[in-house]
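Following are the structures in question.
The same chain A turns up in both complexes below, where it pairs with chain B and then with chain C.
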Partner chain A sequence: MPDLLEVEHLRVRFRTAGLVQALLKGLDDPFIDAVMDVSFSLAKGETFGLVGESGSGKTTLGRAIIGLVQAQEGSIKFEGKELVGLKDSQYQEVRRNIAMMFQDPIASLSPRKKVRSQIAEPFKIHNIKDKDPDQEARRLLKLVGLHEGFLEAYPHQLSGGQARRVGVARALSLDPKVIIADEPTAGLDVSVQGEILNLMNRLQRELGLSYLIITHNLPVVRHVSDRLAIMYLGRFVETGTTTEIFEKPAHPYTLGLLAAVPEPDPG
Partner chain B sequence: MSTSENVLDVRDLSVSFNTARGSLRALRHIDLKVPQNKIVGIVGESGCGKSTLINSLLRLLAPNAVVDDNSEIIFEGEDVMEMGKSDLQGLRGQRISMIFQDPMTALNPVISIGAQMSDILYRQKLTKAQKRERAAAMLAQVGIPDSVRRLDDYPHQFSGGMRQRICIAMALMMNPSLLIADEPTTALDVTLEAQIIHLMKELREDFECSMLFVSHNLGLIAELCDEVIVMYAGEVVEQGNVHDLFHRAQHPYTQMLLECDPARISETRKDLPTISGSVPDLVDLPQGCIFSPRCPKRYEPCNESPPGTFEVGGQHSARCFKVRDA
Partner chain C sequence: MTTTTPEDTAGADAPIKREPRLAWLWQLLRNPLGALGLFLVLLIVISALGADVFSPYDYKALDVKNRLAGPSWAHLLGTDNLGRDTFSRILHGGQVALYVALVSIGVSLVLGLALGMLAGYGPRWLDNILLLCFDSVRAFPVIMFALAVITVVGPSLETIIGVVIMTTTPGYARIARNATLSLKNNEFILAERSLGARGKRIMISHLLPNLIAPLLILCSMDIPVVITIEAGLSFLGLGVKPPTPSWGSILYDGYSFIRNTPWIVIAGGIPLIITTLGFTFLGESLRDVFDPKMKKDR
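Then we have the complex of A and B:
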């Protein structure tokens, strides 16, 4: 059986200068490769961690998978079906199965909408009529461990951890098989980070979800990922099981990243 | 310890905010000292009162703030609470400098770096050329290559890490007695973060400046600080030197915070420890210990009255009945 998600030799290029500008400046190549020759797969129930610093191409790769940016080369297969080259209307169906959890939950929620409509919004976007959005919002809140009172809350009334939970509920609304989580714990207090990661783990066990976790936080990814890729300047410089990478890092860039993590022990 | 050895000596500082729901008791009986040439770290989760504390030191509190009459903030022997307008101006940005999480809070996007740095020296009788020279030397010292030429560049022409270096250079231009760094590396990637921390260690040798370093990253506190203050819900719950805090933590909150840190857990496992429950409502405080609703070690005295600060030994103390009864 093929893996749920299979990415092969993916390449995403961005134009850095307009054509005229490129001619004027004599640029041979007015493009940059944000993602270059990237291959990996994600099995059902698995967590794959994508680690790299800002600008390394992690978020672009995530966005390419859900079709928000176009791939120039390579292939992305979901349940064996090729996604590269699909029209936007055809991609809608894919986005029901692959949900994205965005980086800054408070900023990604609309400030004037109550939690109730934030969670139910995907039903509107996907024009789903056979489910009662209100009932679904209640079910989803319960699933992420928030009581019903939060239905009437506005984003600014939520703590960082509560906003993350709403983000998880929203991502779960259409019963996806894969969740792409961009920096799921960035900006959270240490004690709350654990709560969110434990919640994600429980949901994975209960619902059989697969995760692609995008992060620059090595200590966090160590505890939640089965396998890892280290990304640098658009390329995977190293992939392996989490244990392999932490115990026997091979690439000098990985070594540098691991060495930079501050040791929480004054010696 | 006499005040002359401490650049900053805060005694019994309490601050509340008037809100529609009543008085929100943001800081309660804070005692803290920053000794000469030492780096003191403040650890605490969001809402514990770090910003309120810093704003109190600079007398920059919101208009709805009420500072308790007993509060004393002694900075280089002078009571900040008694300072007039011109003294306060001298305090802010000259005797006390700040570095923020986002370098752009301190940088003006439409003025060149050289001009911004020269502006800081407005009170000094130096020629324009001398000020530029000082600015270039300071940039070089914080590791900006080609510093003379880069004086004419604008903030957006520098990377995030370089911008934070520039902010550090600006903060040091006035030779402050105290540098306050509020989460200065949170927005940076780990390799840049490591470089900035390394730079701060170097600078402390060269500048003889004391520092208050606010962070929720325990690893950074362990690497950089001499002394540590742990805050929870508006109180200092534990303080001591960095070794006492990391190796012999006494307060249950400190102990749990250390246990939660994924960076301190070496085995790969899927469920992480957490501190269950949430921070209490500061408008409606529990009658006993502030941590009692979440404390797994709670026993009879904890619900009756708030614990005082008890000495563990030396400069190490904790606000917990367990220490008294040990």
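Then we have the complex of A and C:
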């Protein structure tokens, strides 16, 4: 069976100067490579961790897959279908199957909408008539472990962990196959981080989801990932199974990253 | 995969932080300026709405024997040079002032929001074209622009409203554009796009609710400006046509008799002052309530 998501030699560039400015400054190449020659694949039910420091291009890679930024070269295949070069309108179908969760749990919810309409939003966007959005909202809220009282709450009334659960519910609403989670534990207390990761694990088992987890938090990837890639300055410097990388890191950058994790009991 | 704790819902049952629904009104009233502003605005609005009920006389009725009378129980604020009751004329003048202000500010708000969101969320070239238009219109001094238009089209209430719409819309559009620009890269907009939402939906159901509050506050502060423009043009004889009363034309009528009978000028000026203070206090206090960090934009 082919993998669900296959990324090959992907390259994403950002313009750093306009045409005129580049001419005036004599820049031959007014671009910066955010993602360079990146290849990986994600199988059904698998969790792939993407680790790197700030600015390493991991978030850009995630956004390129969901079509928020354009990739310049390479290919992204979802269930064998090429995504690079699709127009925004052609991306709709993809966005039903791949969902993304953003870093800030509260800021990624529309501030003036109640939880009820946040979760029902995807049904309205994709004009889905055969499901009752209200009932679906209740079902999804229950699925992520929140009681129905939260339906009427606004984002600013939620705690970080509650908002993250609402984000998970929204991401799950259209029964996606892949969830891209950008720093799913950012800004949460350690105990809440654990709860969210356990929730995501449970949902993966129940629904057969595949995760692409983007994080700089090594204990988190170690806890959840089957395989992982270490990203540095837009490139993958090392890929392998989680055990391999944590037991026998090969690249000096990986060694540095691992050494930078604070020990629980230095002594 | 190993699960260290089977429990994954421990923190989910924590209570929701709730605020009472009308908390903002309470906050507004606790501020003395806000309470005063609200009181003055209500005073003006109620007296204008109820002008026909409260007026002791018909505002057009002449009482030639009592010309230029001072305040008395019969005529609370005296009479003008034609013997018309000034109090009744002030009340009806309020109707004209509020009508001009609400219609023109309302239309400017809607137009400004639409154009501003298009400029902020749309493609770069559209932004550039719209900005050029906004700045060109804003370059005209309002009164000069109004005089030019009135000379061509002729004085009327509708002309004033049209001129005010043309001159205030760019200001609203610019604020809406800037707010849109700062909102459009927020994560909730990215999240909407990642779910597949398109431009129209994002603008109407996600940007608009977040733009409207600061703009409504600006509206409240712009209303007295518009009322002053209307009064100014009517004072110059370029506004509403007699016998329709306007605070500006009342001031003008009184101006000729200021040495003998200052009552008319005083009576015409006080409502202008009350309106300006009321709406400005209200607007500033509302701004403090809704967004303590927001800087004054003008």
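Throughout what follows, the second predicted complex is superposed on the first by the 266 of 267 C-alpha atoms of A that agree within 3 Å, B and C clash if a C-alpha of one lies under 4 Å from a C-alpha of the other, contacts with A are read in each partner's own complex, and residues count from 1 in each chain.
Everything below uses one rule, namely that contacts are C-beta pairs under 8 Å (C-beta built on N, C-alpha and C of every residue); 3 or more make two chains touch, one makes a residue touch a chain.
Since we're looking at a predicted model, the values are computed, not measured.
A.B. asks: Please tell me which partner, chain B or chain C, touches more residues of chain A.
C.D. replies: After superposing on chain A, more of chain A is contacted by C.
A.B. asks: Applying the touch criterion given at the start, work out whether A:V220 contacts chain B, chain C, both or neither, answering first, second, both or neither.
C.D. replies: first
A.B. asks: Go through the superposed model and pick first if A:T243 touches only chain B, second if only chain C, both, or neither.
C.D. replies: The first partner, chain B, only.
A.B. asks: With both complexes superposed on chain A, which partner does A:R235 reach: first (chain B), second (chain C), both or neither?
C.D. replies: Neither partner.
A.B. asks: Just chain B (first), just chain C (second), both, or neither: which does A:E263 touch?
C.D. replies: In the superposition, A:E263 contacts chain B only.
A.B. asks: Touch test for A:G194: chain B only (first), chain C only (second), both, or neither?
C.D. replies: both
A.B. asks: With the two complexes superposed on chain A, say which partner A:E53 touches: chain B (first), chain C (second), both, or neither.
C.D. replies: first
A.B. asks: Quick one: classify A:P111 as touching chain B (first), chain C (second), both or neither.
C.D. replies: second
A.B. asks: Could you look at A:H251 and tell me whether it touches chain B, chain C, both or neither (first, second, both, neither)?
C.D. replies: Touch status of A:H251: no partner.
A.B. asks: Under the stated touch criterion, which partner chain does A:R138 make contact with: chain B (first), chain C (second), both, or neither?
C.D. replies: neither
A.B. asks: Looking at chain A, which of its residues have contacts with both chain B and chain C?
C.D. replies: Dual-contact residues (chain A): 159, 191-192, 194-195, 198, 201, 223-224.
A.B. asks: For the complex, give me every residue of chain A touching chain C.
C.D. replies: Result: residues 47, 63, 66-68, 88, 91-92, 95-96, 99-100, 102-104, 107-113, 121-122, 124-126, 144-147, 149-150, 153, 157-159, 161-162, 165, 167, 170, 191-192, 194-196, 198-199, 201-202, 223-224, 226 of chain A touch chain C.
A.B. asks: If you look only at chain A, which of its residues touch chain B in the complex?
C.D. replies: 53-54, 159-160, 187, 189-195, 197-198, 201, 216-220, 222-224, 242-243, 246, 256-257, 259-266
A.B. asks: Given the complex with chain A, which residues does chain C contribute to the contact?
C.D. replies: 1-14, 16-19, 186-188, 190-198, 201, 205-206, 209-210
A.B. asks: Going by the contact rule set out above, which residues of chain B touch chain A in the complex?
C.D. replies: Touch residues, chain B against chain A: 45-46, 160, 186, 189-194, 197, 216-220, 222-223, 242-243, 246-247, 256-258, 260-265, 268-275, 278.
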